[in-house]
Amino acid sequence: MLESHELVVTWTSPDRPGLVHAVTGACARVGGNLTECQQFTSTDTGNFFIRLQVESASSRAELESALRELAGKYHATFCVDELGRPVRTLILASKAPHCLSHLLFNRDAGRLPIDVVQVMANHPDLADLAAFYKVPFQWQRVDRESKASFEQEVLRTVSNLDVELVVLARYMQILSPELCERLSGRCINIHHSFLPGFKGANPYRQAHSRGVKLIGATAHFVTVDLDEGPIIEQRVQRVTHSQTVAQLTAVGQDTESATLNEAVRLFAEHRTFLDGMRTVILQ
Amino acid sequence: MLESHELVVTWTSPDRPGLVHAVTGACARVGGNLTECQQFTSTDTGNFFIRLQVESASSRAELESALRELAGKYHATFCVDELGRPVRTLILASKAPHCLSHLLFNRDAGRLPIDVVQVMANHPDLADLAAFYKVPFQWQRVDRESKASFEQEVLRTVSNLDVELVVLARYMQILSPELCERLSGRCINIHHSFLPGFKGANPYRQAHSRGVKLIGATAHFVTVDLDEGPIIEQRVQRVTHSQTVAQLTAVGQDTESATLNEAVRLFAEHRTFLDGMRTVILQ
Amino acid sequence: MLESHELVVTWTSPDRPGLVHAVTGACARVGGNLTECQQFTSTDTGNFFIRLQVESASSRAELESALRELAGKYHATFCVDELGRPVRTLILASKAPHCLSHLLFNRDAGRLPIDVVQVMANHPDLADLAAFYKVPFQWQRVDRESKASFEQEVLRTVSNLDVELVVLARYMQILSPELCERLSGRCINIHHSFLPGFKGANPYRQAHSRGVKLIGATAHFVTVDLDEGPIIEQRVQRVTHSQTVAQLTAVGQDTESATLNEAVRLFAEHRTFLDGMRTVILQ
Amino acid sequence: MLESHELVVTWTSPDRPGLVHAVTGACARVGGNLTECQQFTSTDTGNFFIRLQVESASSRAELESALRELAGKYHATFCVDELGRPVRTLILASKAPHCLSHLLFNRDAGRLPIDVVQVMANHPDLADLAAFYKVPFQWQRVDRESKASFEQEVLRTVSNLDVELVVLARYMQILSPELCERLSGRCINIHHSFLPGFKGANPYRQAHSRGVKLIGATAHFVTVDLDEGPIIEQRVQRVTHSQTVAQLTAVGQDTESATLNEAVRLFAEHRTFLDGMRTVILQ
């Protein structure tokens, strides 16, 4: 018999009366005790979302089996996981170290439940950083000719290493539409502006020209429409007229790191849900 | 038969397995459909808290009756209310208008579900403000001799007008321990500092002397221990060395108004729960 | 002879070596003692900006005369004013009371150095609010036919009442290009989004659709290009997926009021400078 | 002859009429052109503070010599430095890596103008981190017997390596009063609370017990009175009832790192001034 441990359940389905009762009933039947429960019904889409933490002597498989039957009836997708299990993560990066460093530091400090199974880059610069944190690093040049083969390698890695989450940690290449599709719902990017302001290239230069008083960063799920994916987290920082583009960039990079880190945490803790072009964050 | 309407349920009890299922089951049995559900179990105290929004064709009384039986079994306190029903509120004030003005403006704009049944003050200054917003105003001098009679009048008002919430909107008198007891759990004060920093008098002067870089405000439930009641909301604002005590006060008053307003909103929407000396805020 | 009082000097010119020394020298020659000095040189435009506070027994006219000679030599524009003198302000409004109420409350509380010489509106709704704060209010319907006459009336008011600042406090009409030109550099608008995100109509609806996690407000100088004027102040507030458009609007209006109020304060204290399409804020 | 370069001047003295003019005159006489100028006069203490950035073909020595004469007359202390010159810094640490890692990362990224000449610790844990960033690391056990010898070593290091700034990056030992005195005005500590709230040990545990809604960090100059030194920077982060002490600690550590980093930047850019028990920050 298993000792008591904690499971996390996420569930998405069209809304129907009695859903909370039904889902929590399935948990109760296998001896689970809820320690946390957050629920939301979207009036925009009619979708129902719930996240449960369940203290249980039952196994993950038992709870899954109890929910599977229900899920069929309610046309639901659901997931049961051990609370705090590190999510298998692939990070793509280029030259800028700040986001990668922040993620690896926090993972190392035990604050971010991810297992970085691989870092892939289109430049060699971050090899030492990855080595310091003891995560596997590989790189290959990406240009017009080699882009397809790099993306193939990404997909192979995702498949071979059972990757659950791909993080673009200031990876300075646009993914092909095919790759976006394949990674849909499990690929997070950090854009260095407060979207929808300053889409596209050089957002800090744009921000300087426009004379904004706050700069920001946006972590979002990657979709085929660049900079248009569902937003997970946004943060801003106050700036002044006196800051140059270079200074805005420096200030902004701290915001990028923190914003991406928070989005990854929310995903890894099973707190992010897709609701059309928006996210629901249950915390 | 009633048309469909929305009810809000709050429930506090010692934690027991199956509680969410049991409470949501009672809702389901009277035909309620949950549209929101937030739950928290305190590991400090072993208390279980839940807040539900229920779309239902049943009446408030039917749902209450369905829950009453359960509540006995689980040693729970619970409450059922119409969602958005204005909470009957008594505001105590002195001379400073900012908190009262902010509350009345927001109530008037339909953003704050309170019904201000009376404003009582120890100075006449705010009579015109109350009149502009068409809320009853009365005042009487409060000094050592008259304090007891003023507090009697407060209790009479609470009783006669079925007051559910008393708000101290910069009321510059210390309530007697007896009154604190009588209003326990339904009286909110705004303290003009980021507690536990700068308790007591003249917090902005203290903040200036100490040279802090942020000033704040704290809305809390009133208890016999001054400035020690359970905290509902806190906010801060950045300040600099160049600001005088008068300027800190001006900046701070905006923070006080916003902080108190938010605490009142949380209370009026049945989102605040007491958990020992702390609050649980379900939102 | 005048008693000692405090003057504020602002000066803009092409940058030249020795400018701070020259300008402060002119102050010193008429017996002024600097109590505050902020200076900035824009590397984008080569413009030099300085703001001084001067304790002086000399009159405003004496200091102006001392600076006039210098200004010719350096091709400068400058201004000398009594510190804290209320700026003569015309407010345009429509139906929404929040910005007007916030400005009038703060002026009344002595925190905002403006003198509201007139409120003009295209609806009668805010008459009572203006009356409560004892500021003159007039309104007239504005439609295609009457727009030109309303704008003529605005210009007449500006001229007759020596208006120094025009504030669009959620005035829901687009000013004609001619009026924008005539009020250039002395007309402030509040846009209910974090520009450049969500230009145009219904920004809160746009923000909801896009699923942003922060909403904001932008106060800017009015120019012919709508929503493109130099930004004076921006603020944001955190929101969640669960908030409806109506709730975003309610939350946002607090941000609008605070943002516009801050921009007006900066202008009235002579802290805002135009530097091409950007502002320089000396504080 | 020197090429044009940029110098930074800081000056503190009792306030006297004409000071800005006098100090900027000294700069002008050696051919300097001001690119930035911030000034503040403290009404609490009567002290005058100014920070200038000067583009100049003259050497640092020439400008110093021009100011020295003036400084005598005005009883001033002043400093001239090359703008952006890395400040020679000694960091003291214990086991927690977050503050040290953040400082070293930012120095490495060229965002923090410090030269970390030595890291000293009372535990060996951070040796690898220091090695990764190629800064010298030494450690020795500190207990009742060895504390004095460790502090002697600190002072020797300060002297031998011309250390200008000592940073306590979560160094978990109380400095002796003698060492505090010797490092007065050039030693910065990070306290893991929003002072003056939660002085002393275990501030996150205190914050949890008190149920605060924001937690913070305070960077301050070290004085003999523990947690009472002049505050340089403070930041806060929102927390909820549901976060455990461990989670508050994790969230708080990000705030600590950012707050300490900002304080070190302000010091290294010669923006911090002491004004009695407060700081003046010119930026």
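Here the chain labels run A, B, C and D in written order, and each chain numbers its own residues starting at 1.
Basically, a residue touches a chain if its C-beta (ideal position, glycine included) is under 8 Å from a C-beta of that chain, and two chains touch if they have at least 3 such contacts.
Values in this document were obtained by computation on a predicted structure and should not be read as measured data.
If you take chain C and chain D together, the chains in touch with both are A, B. Chain centre most remote from that of chain A: C (centre = mean of CA atoms).
Inter-chain centre distance (chain A to chain D, centres taken as mean C-alpha positions): 36 Å.
Chain A and chain C have Cα centroids lying 41 Å from one another. For chain C, the set of residues that touch two or more other chains comprises 36, 40, 242. Those residues of chain C lying in contact with chain D across their complex are 15, 17-21, 24-25, 27-28, 31-41, 50. By the touch criterion stated above, chain C contacts chain B in their complex at residues 36, 97-98, 101, 105, 109, 111, 128, 132, 242, 250, 253-254, 258. Chain contact summary for the complex, chain D toward chain B: residues 40, 42-43, 194-198, 209-214, 216, 230-236, 240-242, 244, 275, 277-281.
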